[in-house]
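Listed below are the structures to be examined.
Look at the two complexes coming up: chain A is in both, with chain B in one and chain C in the other.
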Partner chain A sequence: MSTFVLMNVSLFAILIATALAITRLRALYEATMLTALFSLVSASLFVLLDAVDVAFTEAAVGVGISTVLFLGVLALTRSREAVTPRHRLWPAGFVVLLAGGTLIYAVQDLPSFGAADTPVQAHPVTETYLEESQHDIGIPNTVTSVLASYRGYDTLGELVVIFTAGVAVLMLLAHAPRPREHLVHRELILADYRIVRVISKILMPFILVFAFYVLFHGDYGPGGGFQAGVIFASGFVLYALVFGLDGARQVLPQSVLLWLIPLGVLLYVGVGVANMLLGGAFLDYNSLNPGDPEVGQHAGILLVETAIGITVAAVMAAVFFSFAGRRLSR
Partner chain B sequence: MTAQLPALQVIIPLLCAPFCVLLRSRTIAWLLFLAAAAGSLACAVVLAEQVSDGEVLSYSMGGWRAPYGIEYVISGFNTPVLLLVSTIAVIVAVYSRRSLAAEVDSKRIPLLYACFCLNLAGLLGIVATGDAFNAFVFLEIASLSSYALIAMGRRRRALLAAFQYLVVGSIGAIFILIGIGLAYGVTGTLNMADLAQRLPEIYGNRALSASVIFVFVGLAIKMAVFPLHSWLPDAYAEAPSAVSTFLAATSTKVAIYIFLRFAFTVFGATLVFGTLTLDRIGLLLACLAMVIGSGAACFQSDLKYLLAWSSVAQIGYIVAGFSLVTASGLEAAYLHVINHAVIKAALFGAAGLLLLRLGSVRLTDLAGFGRTMPWTFAAIVLAGLGLVGIPLTAGFVSKWALAMALIEDGQGLVLAVMLVSSLLALVYVGRVVEIGWFREPSPVIAASAVTATSATSRSSTAERLPRSMTVATWTLVLLSLYFGIDATLPATLAESAATALLGSGG
Partner chain C sequence: MSWSHYAYYLIVALMMIGLYTVISHGNLLKKLIGLNLFQVSVFMLYIGLGAVEEGSAPIIKDGVETYSHPLPHVLILTAIVVGIATTALGLALVVRIFEAYGTLEEDEVITRDAAEHDGVAA
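Presenting the complex of A and B:
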């Protein structure tokens, strides 16, 4: 128990130190690296809390793709923070103190850390998820049961949030002028370094296969569509970084991305509509196979996880390509 | 099939959005948005019919009954908002085709319609849901799509307005999420009805009080209640006309609805208004919003900014209504939500017509526009009278209801502030009328009149305003007049809403 507490305390200390360092830094590249560190430490904390799925997502999104996107944006703007006059910091500081104070006030009456008799533990919902999901849905990873079936409609909402973000970025950035050849800095292409080129070529298939593993293994262990989509996209981001954007665009053209982004959402909503047509409620996977609901649930969860993977991967790749494409065209 | 209506209400626009992206044709995307709006309106009408006798419909997403799964609840308190949002969506869909074609780069239009569909789905989802976290998810969909819609404005300043809204709105969203998280931590449930049942046992819990504060501060940002309104004027004024028309009529109204839903049917009025005295805070902020919003509107030099500041004031009226925590106050608030939505949409629609013809809505450029564009001028005057609250307009009906509710509760001071604000509204509407009718035509007007006459000689229809846009604007104007003369429909809806809110939980 005491090592557990020690680990928690030290990880939280690192987390706070990182957060303070980020606020002090004016150099934005360094700050971005520290936000990646922040996410990594958060992911470690989630592992300690046995929330492995959350940790996995935090590691894939927070450390991986969002850092890359930050760097992509910084390449387009100045990488040093402008100095804010001190007097303009006071209102912001006041709001932060107020919000922080309210949180500290709230913590006093929250159930104690790790207690077994918290309202969340005692509520019948938790018991149902833990006990009956094996019977109702029949997959070992309860987190996937909750996300993809019990609260599958929320997950559809989250996917639509990502879809909206993708559409927004495409709408704002997709119509930059085409990059002209002489503006591309040849010396910046990493493919000229043999080690980088060979290693990334070797890594590529492993990254993509791992993404599929994460996607289809979500029923049994940590993983699922969101993480898989991000990992899949990061494979293409790596390819674009090493072999240049034009190379990546040849492998994964913009037109294909524009086709894949809505496809995932359509598949997810389509499953729900199919359930309705079969006489069930929206996203009631039981209706896919009324004779054996467990089979229906399996099929439904697999379909929606695939749908999530498609849209997430396509949106992440499209967002990265859009930012990177602007750098070439400047 | 009617059993599926609560879900279809939201699923139809949600399904249209990916098709807009997939098919990438301006006309098809527009048709899809129109179909989405018409479909959700049809659902809303049938649902309103079904719950008109006080029945409560519940729909279990995924077939998992609440609180294990996510539940949609249709009752008297949300049908008025569902009807309002989907009706405005249909009118804006008609309006948007020519308006967007004139203001937005044509390559972006299919994606813009996708954002419109997503925004509609998000707003309807917030209204229909009976699950606290699900409300947050759909709030995010609505917010994200509205940032993107605003950024499509014709000036570069639209990007800044959208970015400001994005930063402020995201802080609001995080506050709401923290609040919902705290409420989950002390109850173990996310279902609104289940929360309402479990929360009274733990009144006085500090985490619960903090949860209430976080949720309401977050929602106050989305509602643009006075000190948190700073994102609104730029966002509404810089957005494309069709977007301003839609957002001004719906987004803050939906935020107000979900605020009421949380206050009355989740946390309970005794905690929110009794212990945490949100009623007195609400009245104070409402008074400030009424005076400062109307006052600022008087000093604007751009018609769309003027209208946006007037919205800040009008939200004050609504906040004052529900802060009374009486049946008549809530009724007045709902009435004003409906009436102000219709009036403000009509005004933003008319502003879009001016923008299309004149290329600017700066008040100096508008001098004398009443002589060359008499019909648009008439629309602005009629809707503007509603904003002031002249008898026989919708604005009068809801302001009268609010005044009665204030008198009933003995809030003479608030009533006085409301009258001052109405006088200020007379000043800013009067200023537009004075500029539009009595000033000598500005060079912009004169130039547009010349091109119009020369165009008549060449081809008679080239320079005329698109009929779809004028029809949509006049539908809203006539609707606002109709609600002023015969207020049975909004009054019945508002009454059933107030009964449903006060009846459940409390």
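Presenting the complex of A and C:
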């Protein structure tokens, strides 16, 4: 048994144990924290499977933003689950066994795990992405070139989904119920603790600079607009957790956020339209600099990644602010 | 059953734990947590399909011959961020349901709806 197999199996053992514990726990606070652990371990698994960009995203999203959102909702609602009646368990178990059995039967047809000669690897598109991209686009991180250039349409679609979901959350939570007078008092905020206040103030610029590093370095290493956006937003989430929502809204007013959410999508589409005006196809970055297509590709990818970063950061921050704002108004 | 597929079996097991949580539990937040588990397991399946045992991360470097396939990575990293955006939408609905019904349990919501419906009919 190779080290690869051994490490995979150990990580899966931790994941399955965590998942079982999550299913059994009735305390939702604990279940949420275990979900964060589940995300962290799956990020390690992604690193082991060479998906460094994915691991980065999973660590930032699953462990950071997702956990904070779940905790925010737990603060608004009830953190204890009712006992699941026994008569619900058996049909669910039956369905799951049936579906699982079918899937186990189906995966027999897949090639061996980790083999090098699978249809995925043998497909001609592999050569395009791994070898020709070096001449066509000229950036080492092929994940970035596929994301922003070869499959630019696809990524635009994903960004529009994020935009739509963000707008929907804002619409659902925008009209807060009228605050009850006797509950209006100054909240105890973490900023009253000196250590937390000082450390978070020191950390804040580093988090934001790191987000920019991730954004601009996405061509050469793991990173890009999605990760950068989430990290940028998490800086403001930290600020809001420590200094309260009003403090964070002074730094990043709601009106600015509401402008930033569509700005990213418009910038992305704008790059595509600019390409068309310059005589290329939609999102064909070569047209940005016909003399040297590589320069055009670099510029196009950077613009598009920035656009992704703006919308993702604004949506994540706005979503967190609206959950947190709900709490103040109740 | 061949043992070279071990990772796929384990991934299916994880998926089914997630699906079981979604189906069997009546608490809406717990359902969302289960959906998250299910979602991450699907991500693993995709990443597993592109992985090569002796491979390297698909960042081109001199002297490296075998890379894992970049396409699943692209699809999944966007899916993760889309996933959190849609989870946030689900959470917003949960908050509104709690504010309207004062409970997160599916059964109680259905019972109250049925009671109100009967009240209107009578």
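By our rule, the second predicted complex is superposed on the first by the 315 of 330 C-alpha atoms of A that agree within 3 Å, B and C clash if a C-alpha of one lies under 4 Å from a C-alpha of the other, contacts with A are read in each partner's own complex, and residues count from 1 in each chain.
In this text, contacts are C-beta pairs under 8 Å (C-beta built on N, C-alpha and C of every residue); 3 or more make two chains touch, one makes a residue touch a chain.
Quick caveat: nothing in here was measured; it's all calculated off a predicted structure.
Q: With both complexes superposed on chain A, which partner does A:L130 reach: first (chain B), second (chain C), both or neither?
A: second
Q: A:Q121 contacts which: chain B (first), chain C (second), both, neither?
A: Both chain B and chain C are touched by A:Q121.
Q: For A:Y153, select first, second, both or neither according to whether it touches chain B, chain C, the two together, or no partner.
A: A:Y153 contacts chain B only, not chain C.
Q: Applying the document's definition of touching, compare chain B and chain C: which contacts more of chain A?
A: C
Q: Just chain B (first), just chain C (second), both, or neither: which does A:M276 touch?
A: It touches chain B, and chain C stays clear.
Q: Go through the superposed model and pick first if A:T32 touches only chain B, second if only chain C, both, or neither.
A: Touch partner of A:T32: chain C, not chain B.
Q: Once the shared chain is lined up, is A:V107 touching chain B (first), chain C (second), both, or neither of them?
A: In the superposition, A:V107 contacts both chain B and chain C.
Q: Could you say whether A:W259 touches chain B, chain C, both of them, or neither, answering first, second, both or neither?
A: First partner only.
Q: On the A-aligned overlay, A:I195 touches which partner chain: chain B = first, chain C = second, or both, or neither?
A: Touch status of A:I195: no partner.
Q: Under the contact definition given at the top, report the residues of chain A touching chain B in one complex and chain C in the other.
A: 99, 103, 107-108, 110, 118, 120-121, 125-126, 129, 151, 154, 158, 161, 165, 168, 172
Q: Can you list the chain A residues touching chain C in their complex?
A: That would be residues 2, 4-5, 8-9, 12, 15-16, 19-20, 22-23, 28, 31-32, 35, 38-39, 42, 45-46, 49-54, 56-58, 61-62, 65-66, 69-70, 72-74, 76-78, 81-82, 84, 88-89, 91-93, 95-97, 99-100, 103-104, 107-108, 110, 112-116, 118, 120-121, 125-126, 129-130, 133-134, 140-143, 146-147, 151, 154-155, 158, 161-162, 165-166, 168-169, 172-173, 177, 220-222, 224, 226-227, 229-230, 312, 315-316, 319, 322-323, 326 of chain A.
Q: For the complex, which residues does chain C have touching chain A?
A: 1-2, 4-21, 23-27, 29-30, 32-34, 36-37, 40, 43-44, 47-61, 66-89, 91-96, 98-99, 103-105
Q: Name, in rising order, each residue of chain B that touches chain A in their complex.
A: Checking each residue of chain B against chain A gives 4, 7, 11, 14-15, 17-19, 21-22, 24, 59-64, 67-70, 105, 107-108, 111-112, 114-115, 118, 121, 125, 131, 133-134, 137-138, 140-141, 144-145, 147-148, 151-152, 175, 178, 182, 184-189, 198, 205-211, 213-214.
Q: In the complex, go through chain A and note every residue touching chain B.
A: Within the complex, chain A contacts chain B at residues 99, 102-103, 105-111, 118-126, 128-129, 149-154, 157-158, 160-161, 163-165, 167-168, 170-172, 174-175, 258-259, 261-263, 265-266, 269, 272-273, 276, 280-287.
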